[in-house]
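I have a structure here, written as structure tokens, and I will follow up with some questions on it.
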């Protein structure tokens, strides 16, 4: 092994952490509230994207789970963080169960419990779905998202139904979101580069061959799925503490669809790609708001067309799949690009 | 009838066939023999443009380069695939119908001809094809291909998984087909059986042709004997 | 009262069945879950609405417009979005299907608005008749009858015609169909056409009975219909019908006897799905792809 190359990778990792930390500090003190809000969103979606990429891109199992698990993490955190007085006041449909009022935890515990809850549910789903040829994961996770929404609406004693939970204390800030995003990226990359990650990639590339080689495909898929769920739950908690107000409508299919576009655009299977994709899509989404408003097209005034933005999004996804399936990064990471240059390209 | 020059076949980044030339003249039985993985099946699939390939293939006087598989079949190039691939969820007779899908006028006549040639499958004509024995399935696969009235019939490992006696029957049928005027290109691991009925043969090893010649002479050849005919 | 719920259950189940057939056929030949299929049902309903309310067509003509339009749309989606990806990894196809689905929903949302439009039901369908001792609107009664009729047609096409045979052969292996000198891609597009036509009928039935159309109406229905196809036995037309009837019945009957469970109505399909995956993943009619007939 070329010691110079090894050192280069170490430098890359150290500089990544250092730059991120500096950037967080810098943004917090220098940017305005609007920009900080966007950066917070980006950070949270990076957490969601790199973990969603783990099951979809690295393990190749098509899943539509994020909105469900994010919702779980958000509700758990909301219930644990909101004060009993605020709960008593806002549960308007029915009275909350007594235990709901007693639920309380600090921020870290709330996030971890949200993640743990989500991961546990993921494990439960894994059993019926991954046992058979995983074709059904998509439908099951799609349905799962609906079920969570149905539960949120129909158990108002816990969730306050359609009114949602409000007055969640705003614990999230750039240090939390950025810091946890950094941790998530590091953890996910470590998993991908470990023997578990190799098993996951083997499942993606050729499941039959992987089984023949002795890879426990069920374990690989379950591990990827539950890890994704965990971080999605944590992300959900962060989101709840950022928005200070959540409701069942927030976690709809479009939420998952956005993440799908993000990881496809960035490159299915690439963590770097997921990060790039998040920045592009969240930034682009903000920029594309004008599509929903009345526009001046070559002097012709159009009326407001809410939903046009989503039409453009879906067309974009189709076009990417037809013409640029690899996305920005393909399956490569930033470190791979640098290796290529050293070897003179192959 | 078919002339192949400089054929390369690729599976992803792997080159299975590394530049081979061969030809099959009208009325001949030509064999491609060689051990497992030598590239024989890939060659047949390439002739039908089913796999990624480069090279020149001239069939009946025209370049097959950009034609789709089903068009080539319509023009008389037919394949009995490895593992037979009969439609197990269809009846025997439906399998034959599939072979003559585009030939509504002639279908019944062709079908009755097949039943004469292969009485065993006539008995089972309304049964699901998946219920037949290996040998019967092979008969069905061949007759299904014949329903397309091919000019060049290719067979991919027809002896695979069959008992020796049935193998003998199958090869007799192949010889009868040549007598009816059908040109045959045969891919086989069972080199002896293939060489016995062939006019000409090519030996494939690791994607390259290492030897070719008149089949009868090759049976007597020492190298061939040691490698492919069991000493 | 019970009989009335039975008819309603049959009615709802038939609608799910019609849509489930399309899912199961496409899955049978392509092993693809066509997420956009539920939205074809929505398109069918909207085309019917468009035909009557905007073009002023009589009901029958509007239905034909809906069926033809949806079939064309389904076939177009195959040619444009799915056919180029025949040899791509499966996940690409699934993602594209989601993209098409989302596109349809939002395109109709932009052009028609998200507010449900009342569907102009012709008077003769709203008439309440005395049927076997029940008083029910015609619209509820004809649904199962027409569905049974359509099912008979589909089975006849699949088992008694040349192209139906080719569709069944496709379910076994696409490459081998090409070896028969048949352009398998054209047959696949035909499957999309048939499935979409049936979904359009389902959409019209839905629009007549509920009676409104809105861009998202295909989402939940589509999901349940696919669950129905899996429960009944994916790849089997009979299974799709069986699964649809089971889910439709359960929804109607359980809510009739336990109205307090009303909010959970949409969860039943999902519960059935999980149960079937746990105990008999190939579905009730247990079609083993190695040995099956459609």
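Labels A, B and C are assigned to the chains in the order they are written; within every chain, residues are numbered from 1.
Here is the rule we use: a residue touches a chain if its C-beta (ideal position, glycine included) is under 8 Å from a C-beta of that chain, and two chains touch if they have at least 3 such contacts.
It should be emphasised that the depicted structure is a prediction, and the values quoted were computed from it without experimental measurement.
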Farthest chain (mean CA position) relative to chain C: B
Chain pair that, of all pairs, has the most C-beta pairs in contact: A-C
Innermost chain by mean C-alpha position: C
Whole-Å separation of chain centres (CA-atom averages), chain A against chain B: 52
For chain B paired with chain C, centre-to-centre distance based on mean C-alpha positions, whole Å: 42
Separation of chain A from chain C, taking each centre as the mean of its C-alpha atoms, in whole Å: 32
Contacts with 2+ other chains: residues of chain A: none
Of chain C, residues touching chain B in the complex: 162, 165-166, 168-169, 171-173, 175-184, 290-294
In the complex with chain C, residue positions of chain B that touch it: 48, 50, 68-70, 73-74, 78-79, 81, 85, 87-90, 94, 97-99, 101-102, 128, 130, 144-145, 148
For the chain A and chain C complex, residues of the former touching the latter: 56, 60, 62, 64, 127-129, 131-132, 135-136, 138-140, 142-144, 146-147, 150, 153-154, 253, 257, 260, 264, 268, 305-308, 310-311, 313-315, 317-318, 321-322, 325
Chain C - residues contacting chain A, complex: 31, 33, 35, 81, 84-85, 88-92, 94-96, 98-100, 102-103, 106-107, 109-110, 114, 219-220, 223, 226-227, 230, 263-264, 266-267, 269-270, 273-274, 277-278, 281
